[in-house]
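Consider the two complexes below, in which subunit A is the common component and subunit B and subunit C are the respective partners.
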Partner chain A sequence: MSEVQAVSRRWRRPPVLIRNDFWRRAIYSGALLYLLLAIGTLEVDWQRAYEGLERGARFLQGFLTPDFTSRFDQIQRGMVESVTMTVCSTMVGILISVPIGLGAARNISPLPVYLVCRAIISVSRAFQEIIIAILFVAMFGFGAFAGFVTLSFATIGFLAKLLADDIEEIDPRQAEAVRGTGAGWWQVVNYGVQPQVMPRLIGLSLYRFDINFRESAVIGIVGAGGIGATLNTAMDRYDYSTASAILILIIIFVMLAEYSSGYIRKWIQ
Partner chain B sequence: MPVWQTEQGPAWRHRTTTAQWLHWLGWLLAAMAFVFCWQIMTVDTKWFFVKDAPSQAADLFSRAWPPKWSYVNTLWRALWDTINIATLGTLIGVILAVPVAFLAARNTTPSHLVLRPFALFVIVASRSINSLIWALLLVAILGPGILAGIIAIALRSIGFVGKLLYEAIEEIDESQVEAVQATGASRAQVIDYGIVPQVLPAFAGICVFRWDINIRESTILGLVGAGGIGLQLQSSLNTLAWSQVTVIFALILATVIFSEWVSSRVRKNII
Partner chain C sequence: MLSIEALTKRYKTGDLALKDVSFSIERGQVVGLIGPSGAGKSTLIRCINRLVEPTAGAIRLSDVDIPKLGRTQLKTMRRRIGMIYQEYALVERLTVMENVLSGRLGYVSFWRSLSRRYAQKDVDKAFGLLERVGLSDHVDKRADELSGGQRQRVGIARALEQDPELLLVDEPTASLDPKTSRQIMRLICEICREHDLPAIINIHDVMLAQMFVDRVIGLTAGEVVFDGPPAELDHAALTRIYGEEDWREMRKAADEAAQDASDAAAFKAAEEERMAGTV
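Here is the complex of A and B:
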């Protein structure tokens, strides 16, 4: 009797994540099964990986002694290309995504326009930048122009969607009040909608500027220009010191872009 | 709000004259920056190729259509590899990210001067470098294959999961922690009973979210040799077999939509 009481008085911690017994067991054992299968079918050439460690040490050595000078020309060209690509594509992307974003907001645009704009957005969002870059490089040829088109296209999907979602969530009373004064569609958008979404649109644009810079460092791998192309060449030549210099520059630029855009966003809001 | 007194009474305007001029100045500066960057960017552009783009696109499309659907049967193994890269990479990344997040959070870090800046640096470095670049480095070191892909995904995930998790840890309710402390719990017990239950739902959400992104990213890691369906994509691109490329794109799209659906379902159930 006393023992039973002692047992039942002891507090047992309830399961933290999934309360339902059956689902918890099912999900956990399913995960375990998958893990065993996945690891079982893994084909890893451990011999090659082990041999690579020596190369890894060499890479680390190169990383600790970054070499900015001997390939300074290429690094500078790549960096300038990346930055200009980012600036141009962000601006063009914003200019195109504002009308598409307006069209994709159900509360201010008619159904046919809404469907067309939403379709454009989903096409742009479905594939990631690198796949779009492959297609545009095939169309426009190698170089920064293909990268510019890629980043602009990707910006449209991102900005227009978030802008449209934002417009759909505005306070309708303000737009209603403006409409009540006899304003036309343009005036409602200009005086009733725009002031409500502007701070967030600026914030999102700055954030996208950030992302575009990061992506501009990647799409060069498939031939779309920018610092990624320089990095790829350096890696192909086993020139680890230059590669590490490029990586350090990328990290510094990304941090600069992130902090300055965060600062401006805070200042605006 | 600027109001002018005119003979007809007060007149309302959107902006003051100064604000209006500053506004135009801002637009002018933006336009100048754009033209300047455009000039530099297009120095090396071959306009002939750009003008040629519509016919190139038409040509590409005619080659890519109809897709060679029979090719899909050779892709299942690559797809399985892709999913494994994403899942195992997320798993390793999360395991590494948890201690980093606890070191980086202001309220749980053991040392503000040494370990916290170090953890923040790890997070920033991991976040600034795209997983494709991580894969590029790792393929050079470890050789082409699935292992480089897994580690690349893991390294990129540390920053993402670490950042979101340490922000979640900093936003917890301190009174619960104090209550656990008041019972005489040790430091580890405080974390286990006071902090973990509070951040666990957010943590699970972050992990699934990152897994979803990783599925997306692991489909292209093969472009630099890090295994998965990207390898098939690369070889099809190299042989200009665009009808196979269409099939691969369709499969990638289906996978991405599936993973997005799973992650949104799971997150909806947790939060």
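Here is the complex of A and C:
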């Protein structure tokens, strides 16, 4: 038997990002040094932080005793307004997003249309809801209408982009076969594209519905109506118990929306 | 019926997919288009209904020059040309019936097709075709619930629902097992004969092509290198199309495999008999 025991060879996983030993060590230790220096520049007023603890405790105490009753009519009005805003802005947002999404899909739209639609999407996505809300509150005055316009506008950026990306990833053979029968552009969209993207479009719309509800609570703070305005008023009055009641209601509503949308998405698969 | 003259296709990347291809097909003739992968078979049949735009040359179907058609005329022309695809290309989330009726899209208005209100004669025709291909029991099933062979039958019904004057068939059996492949090929060829319909069938499987088609065209690197009846497809012709390879050996191997299979079946039968005897 001429069995020779081979010398064991050591093996280690090679460094993932930076192969060069010197540069790896230099960059990592540089990053660590920067972190330490950056923490050093933070000015913390420990005296102020200590005093704040007491306020924090009062805040938490208020939240542990939610009060639904004393300002019930205001809470109810705010909730109804928020739900109305959410439903309307989601519907209008979807109606506008679908044509823009179709136009922004490179595989079914000509270049000029594509560029215009992508530009609309970029503008809508560039600004955070609060900034848009401030603009629309200035334009339309305080209240739910400004909130409705804000959420509709934000929905377009979200839905149209995701719809367009989804259309760009469809199975092109199915659409080609429909085109091969002599179908026109709208017929290709209806028979070759729509069946492939519909489940995702419905899923995204439901997802956007609960994003819009959450956002309606935030943009109320800058004056765009809804439950956010009620919440803001309660905070300004140091009425933490009412604020707590409102937050609990928001959580319950978002959870309900979450569960039901999950259920619906499973059902349409 | 269909005549192709000096058809050339150069892709944007600069690849010359078809070089000066010319041939013509008579009414009712089933042509098998064979050749190695990348020879331009798919490009050739897609040029005929302009799913791929040809670079130069003429394609005449009943004296209409297809490459010169405008957009609207092209749609009218496409509905006269039925196509059957590799891997079926059915719209998977639509029902079998919707897939078959989509063969009428070139004839009906958008609103009619949107609301799925097709004329009664279109629906009658669709039921008749589903009966013909043996899928009467699956009318309202979604296309992705069917097996491969069944899906390809839906594809055939969709193409015929167009009332085509020409059938283009792209690798109809590429994703099917050998037995289903034969059934599908037989079905396509029978239907062509019933309707006196000319067809061009892209196909990898040379033996299968020889079994069913009237005429074979061999394509290599975008050029026609063989054109004749299947019986003339001998060793020299196959070498011209596919390059050097021992074709006789391959045929012999195929025959032997068939022999082995029947031997195995005989052996198994004998075995079972013996087992039955011992019990």
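Going forward, the second predicted complex is superposed on the first by the 239 of 269 C-alpha atoms of A that agree within 3 Å, B and C clash if a C-alpha of one lies under 4 Å from a C-alpha of the other, contacts with A are read in each partner's own complex, and residues count from 1 in each chain.
In this text, contacts are C-beta pairs under 8 Å (C-beta built on N, C-alpha and C of every residue); 3 or more make two chains touch, one makes a residue touch a chain.
Not measured: the values here are computed from a predicted model.
In the overlay built on the shared chain, the residue A:F127 is in contact with subunit B alone; subunit C does not reach it. Judged by the touch definition given at the top, the superposed model places A:G192 against subunit C, while subunit B stays out of reach. When both complexes are overlaid on chain A, the residue A:V178 reaches subunit C alone and has no touch with subunit B.
Legend: residue contacts after superposition of the two complexes on their common chain; A:G30 is shown touching neither subunit B nor subunit C. In the overlay built on the shared chain, the residue A:P15 is in contact with neither subunit B nor subunit C. Comparing subunit C and subunit B on the residues of subunit A they touch gives the larger count to B. Overlap of the subunit B and subunit C contact sets on subunit A: residues 191.
Residues of subunit A touching subunit C in their complex: 171, 173-174, 176-184, 186-187, 190-192, 195-196, 198-199.
Residues of subunit C that touch subunit A in their complex: 49, 51, 75-81, 83, 85, 87, 89-94, 98, 102-107, 110, 113-114, 155, 158, 162. By the touch rule above, subunit B contacts subunit A in their complex via residues 14, 30, 33-34, 37-38, 40-42, 44-46, 49-50, 53, 56-57, 60, 80, 84, 87-88, 91, 124-125, 127-130, 132-133, 136-137, 140-143, 145-147, 193, 196-197, 200-201, 204, 216-217, 220, 223-224, 237, 249, 252-253, 256-257, 270. Across the complex, subunit B is touched by residues 13, 16-17, 34-35, 38-39, 41-45, 48-49, 51-53, 55-56, 59, 80-81, 83-85, 87-88, 91, 126-128, 130-131, 134-135, 138-141, 143-145, 148, 191, 214-215, 217-218, 221-222, 228, 231-232, 235, 238, 243, 247, 250-251, 254-255 of subunit A.
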